[in-house]
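Chains here go by letter, A, B, C, D and E, matching the order in which they are written, and residues are numbered from 1 within each.
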Amino acid sequence: MTNRQWLMTGAVVALLLMLPLFLPNFWLANILGRAMVYGIVALSLTFLAHYGGFISLAQTMMAGVAGYAVAMMAPTAIPLGPFAMSYGYAIPLAVLAATLTGALVGLIAVNTREIYLLMITLALAVGFSLFAQSNTQWFRGYEGIRNIVGPEVFGMPFRTHLVFYYVALITAVLLYLLVLYVVRTPFGLALQAIRDSARRTSAIGFSVALHRIGAFALAGFIAGCGGVLITFYNIGITPSSIGLWPTVAVLIMAVIGGLGHPVGAFLGALIYAVMDTFASSIIGHDRFNTLIGLVFLTIVLVSPDGVWGIGKRLAGLGGGKEPVSDPVAKLTAGGK
Amino acid sequence: MSGHLEIRGLQVRFGRATILQGIDLSVLGAPLSVVGRNGMGKTTMCSALMGMVSASGSAKLDGKEILGLGTGRVARSGIALVPQGRRMFPSLSVHEHLVLVAQKGNPAWTIDRVYETFPRLAERRRNGGDQLSGGEQQMLAISRALLMNPKLVIMDEPSEGLAPVIVDHLIEVLRNIATEGMGLLLIEQNLRVATSVSEQVAIMVTGKIAATLNSAELAADRDLQNRYLGVSHGH
Amino acid sequence: MTPPPPLPTDTDALVLKGVGRRFGALAAVSNVSMTIKQGERRAVLGPNGAGKTTLFNTICGDFPPTSGRILLFGQDISHLKPHQRARLGIGRTYQTSLLFTGLSVLENLYLAVRGARKGRFSMLKAGPDDADVAHARALADRVRVTQLLSAQVDAISHGQRRQVEIGMALAGNPKLLMLDEPAAGLSAAERPELVALIRSLPRELTLVLIEHDMDVALSNADIVTVMKDGEVVVENTPDLIADDPVVQSIYLGEGH
Amino acid sequence: QDVIRIGSITTLEGPFATGGQDAYRTMEMAFEAVDYTVAGKTIEWIRESSDATPDVALARARKLIEQDNVDIIIGPLSGAEGIALRDYSRTLEGRTIVNGSSGAADTTLRDPSPNFFRFNTEGTQWMAGLGTHAYNDMGAEHVALVAADYAFPYAQVFGFMHEYCELGGAVTKLWSPLNTTDFSSIIAQIPSDADAVLLIQGGTDALAFLTQYAEVGGDLPIIGGSITADQTLLSARGPHQRLMEGMVAAGPIADLNDDPEWLEFVANYRERWPDGFDSPSIHAFNYYTNTIAVLQALEEVGGDLSDNQAAFQEALANVEFTNPMGANVRLDDNRQAISDIFLTRIVNDGGTMRTEAFGRTEDVSQTMGMDTEAFIALGSPSRDNPDCPPAR
Amino acid sequence: MSLQFILTVTLNGLTLAALYFIVASGFSLIFGLMRTVNMAHGALYMVGAYIGFAVFDPIYGSAWYSYAWLIAIVAGIAAVAILGVVMQVVFLGWMQGQELRQALVTIGLSIIIADQLLANFGGSPFQFFAPDMLFGPVQVPGVGRYPVFRLFQVGLAVAVGVGLWLLLNKTRLGIMVRAGVDDRQMLAACGVNVPLVAATVFALGAALAGLGGVIGATAQPMALGVDARFLLISLVVVIVGGMGSIGGTALGAILIGLAEQWGQVFFPTYSVILTFVIMAAVLAIRPQGLMGRKIA
């Protein structure tokens, strides 16, 4: 990122930190906070898609693994799960579970690419949600696990609007920076190389499988963080939280926002949250899906790189082709 | 006589760069070769003629404008291309490549004639397009174009990757198609091929035709080669 | 044009023992045995479809051999993955360019440098490594693509890609360099440069070369192996090869 | 404050949309009947829709409470949503959630929330009397149970077997995943010595089973669950009708019921909603019942919602009224309805299939008349609970 | 477990497979030939069923009732084929090669289509009634009474499969479309009218979805949500069998059909997941599917 972009990022974060002074609680927690927690899951997809060329529909599933894991271990669950413990242990373990799931998905899909990967991850995701729905012993079937209210933070319940908002914000910012950092490491550049030619990448010494699995594990970690927060936000988790529609919704968010840059994930999630909340007041409840479909379709038709792409073009930043990778692009431009 | 191609002021830009800066060339009843160093714009010219990249200027086949037609219609108006990089269809077998383009009736080029010309392809008729060696692919790319029995065939470095004995054979074939009345625009890096197939050799330098020379002269004159093509023999 | 004298060494760089590769019923390579000494320049010739590229692919691991064994400096690498073989010091080019088309020329070369180093799987240190970038730039100079450094690979010409291709193979300072028709697609002006480049390679480097351009092939080889239908038919020195009647009939044609 | 804001949530999206639409029809009737005023205050009604998933129901509820600032929410429609809103209600102060139509037992049975009220009966209650009827009157000593594999059917099966096993009946259980559409291999497993099929499936699944059972010429009598014989099934033409005529079931509602209250309700419904169903659906009935309870309690406290709605909630807890079926409704300590359940039978009413009430169990409580602790000790309904030996 | 039971369940699996094959073949065709992942396949299936039913219902109530079903099939196929062409020409054709974008466009379309069907037809389930000739039980040796319609499905599936195989492997159209997947521009340079070919294929694939819709809604009730179900089934069948291969699609359908039916017998609770387990297992061993060509 250029200095200007760093400056903008800093300004936006500062603004977000101050928002509670101006915004009503509903906007804070249920529009912005919600956009951030779902945006984190979308971020994991954007990361995979933009840098690795993997369109994974298994991100909601990875989030769901973390969600279910934390629910099974949560001390507040009703009824209490088989592995109840304090949130201090439950949360990291849940994120770990999601990370491992990510690695597992990467392992299963290690030899598939592009559209094949899309289909396979979709099938995995649906399979998992059906499993959660069928398993009554641990996943508690159709009704799911309820009353996952989250830990207390500084003595305040997690679902207090301010607490939720700040935790979501800080997590989102950290993960966002993590992605920007990782793609500048050799790992990130190698991912982009694999996207173009796996065969050549391996001929110059990189282990393609390891990088792929690594990418999915990292995506699982990110999605897992989102999954835990989403579960707290929804006070529980059910198979419908990870079903077909939420799975597709994450893709919709990422695409509306723009797969071209990690920030697109959050833009998309915000747009989605606003539409989801207020569309029914505009168009009537019953045709909400048509509206979402139309907006989504229009954006895909007009701008393959989503709102972020439109914004970039409007801002005139996009004179030429966006340098695909950070690290070396800078060198080429800088010419030392 | 058909297969006359007249190119006037052909220009191609990619973004800010002008890759072709006004090409004038004519293929009138005899093969024409174009040579030039890497990155001079030869392939770009072929793509522009086929409607694969957008271009300005004019290119007429037998008096009819082909620029701006779209690739499919350019091809149907009678131009075939042997593309650089071969561009096989991995999903099709060798034989299916040929069936795809073979013409009905009694054309000059038939599948049988292709198999006679390149017996290697007959041996590999069931292999997929990506299950061929580089040279086999090149033979197939050439055959695919000829089987369309076009008025004019554009070949972008057809000798690349062919073994010497096949290159000799290719020269024969190319000389023959000229006498059969098919127009030929030949891009080559192999000077021997270029000069033995056509009387005239055009030389392209950074998107322009720098000169059109007589083949025999060019083949014999090292200085000429050095001047236009940067060929040095001083090792 | 005589090749420089071979390095007097007894180390076997690459040993093939009865290597074969089948595609279904077709034996693209069968029962190929050869020994290439360290520092040797070996040319592999043969008509189209003789199995030369396939032989390369079995050595590099893209298509592991279906029979036989491959030893690299004494180590059996027959069943290693391509990236493992690359790390043991094999560098190669592809007959059909295989580059990272979405990245710039410099990024391509940088990656190739990086892939040969330790710490290739690293999420820890961000940003490029200065020494590696310098190395990549030096490579670009060697293969004469300096003016294209920042161009994205899908916007450069065929011949230019062929040049980058060679740069990629050199990046890891390989012990065994395998070039598959490096002169193909190069203009007449670039070919002498290629020959010069090959000659400038360090003597202890072992080179295997496939080439249909006889000038390039014969002027760079210590020994020439001629293949046909997947098998080795002749193995000899360059000056004797050109006059071999078998080679003339199956490969060179009458005119040579 | 002269306005009382009532928000509602039902499903207008996805597979349950028809039920949700119908629910809003009768809700609208209830509000129109009082002209949108209660105790001199205007009712402002804000409708929301979910897609039958808990997450969405919760998001809508949050919007209603936090953005639209409603005092009371009526909803939701399905079981898992109900549990989610119960949990949410616990976090609220001075707001009340009154169920719409959701019927999961645990919503009120275990860990009830002080400000969640349910004036409709639920899945277990709805089966009251059916087990007894099957064993005693139909003489079925062994039924093959074909049921969807999730909580709502578990509750219904629990209600049925609670009576049936006690009497000595045997049950062979055949669970099918929710949304099964090919029952052929389940049909092949129906034991040859079964006396009847107990079909606890809803909508499409039921239609699929019945059609496919008819297709192989199956001829056992069918006993249905409370949502098996719903309007979608009754109004659809087809071979399944042959099997449906005479099918018995139990539930809170029947199309044909002589009670004048019901006749008037149906007449009003048909007049107000000519495009609606032939007779109000179970969801419409439940939403309506819950809505009139709210209206009645508001009336009793004179629209006073002050003091964190203390008076209002107190009134709600003590409301007693007659629902459109003519059954008395009151709440137990967990704020769950105690009311009457009907045995129904499908009859051909002049070319139209309808359900007809032929029996009634009065004052059915959520614990089926048992002591609460003893009932809870029976365990949550599940695939294996209860089980009557010798099944299989 | 009696032999008769084993045979019955196996036959159930095969006949279910026939339905899955009919539906998935259209998806496989479009994917195999154009590399377009048509996520609206389920929606098209549903359109076929709904349009078919809109035509069927009034006729069934009239004197022509015995033709109602056939007319519904024709109507369903025609309507969906037209819709398919519109999709290809208006939305997908000009972004050919951008596979992800196409998949996203079809997701958008399927959301809109499903919601519009709900708006226009309501959410009540319905079912077609096959003509009497195809309804009711027949005696099948070793099995006993068995629904004719399920046997009819098998016949239809075989016909569709053979037809498609011939089309793909024995006609020039088949060659063209396969070539178009690899390199559209080069195909055009071979003189082929690529947009026309693409529209034809899409019409055909969509028509199969329409046919599947009517057949499927005869075998099983139709309701909202079925689009997702049949999209998923198509995905899984095609992934397991190998994309773009007719034989693979058939094999995938058989595996999934049998797994579903036997799963219902052995572990009813997890039978739905069994299909996904099979899929994961196949992928782990053969990423290109059982009969798919190796992905380079």
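Following the convention adopted for this analysis, a contact is a pair of C-beta atoms (placed from the backbone, for glycine too) under 8 Å apart; a residue touches a chain by one contact, two chains touch by 3 or more.
Since we're looking at a predicted model, the values are computed, not measured.
Looking at subunit B and subunit E, no chain is in contact with each of them.
Each step here moves to a touching chain, and the least such steps from subunit B to subunit C number 1. Pairs A-D and A-C differ in how many C-beta pairs touch across them, and the larger number is found at A-C. Taking the mean Cα position of each chain as its centre, D sits at the greatest distance from subunit B. Measuring from the averaged C-alpha position of subunit A to that of subunit E gives a distance of 32 Å.
If you average the Cα atoms of subunit C and of subunit E, the two centres end up 48 Å apart. Rounded to whole angstrom, the centroid-to-centroid distance between subunit A and subunit B, based on C-alpha atoms, equals 50 Å. One simple way to say how far apart two chains are is to compare their mean CA positions; for subunit D and subunit E this gives 36 Å. Among the residues of subunit E, those touching two or more other chains are numbered 115, 118, 269, 272. The multi-chain contact residues of subunit A, meaning those touching 2 or more other chains, are 130, 134, 286, 289. Of all possible chain pairings, those that touch are A-C, A-D, A-E, B-C, B-E, D-E. Residues 60, 62, 81-83, 86-87, 92, 94, 98-104, 106-107, 110-112, 114-116, 119-128, 133, 149-150, 152, 168, 171-172 of subunit C are the ones that touch subunit A when the two sit in their complex.
Considering their complex, residues 50, 52, 70-72, 74-76, 80-81, 83, 87-92, 96-97, 99-101, 129-130, 144, 148 of subunit B touch subunit E. The touching residues of subunit B, when paired with subunit C in their complex, are 14, 35-40, 43, 84-86, 120, 124, 131-136, 138-139, 157, 160-169, 189-191, 225, 229-233, 235. Residue ranges on subunit A touching subunit E, taken from their complex, read 55, 108-116, 118-120, 122-124, 126-127, 130-131, 134-135, 244, 248, 251-252, 255, 286-287, 289-290, 292-294, 296-297, 300-301, 304.
Residues 12-13, 17, 47-49, 51-55, 58-59, 62-63, 66-67, 79-80, 83-84, 87-88, 91, 104, 106, 110-111, 149-152, 177-178, 382-383 of subunit D are the ones that touch subunit A when the two sit in their complex.
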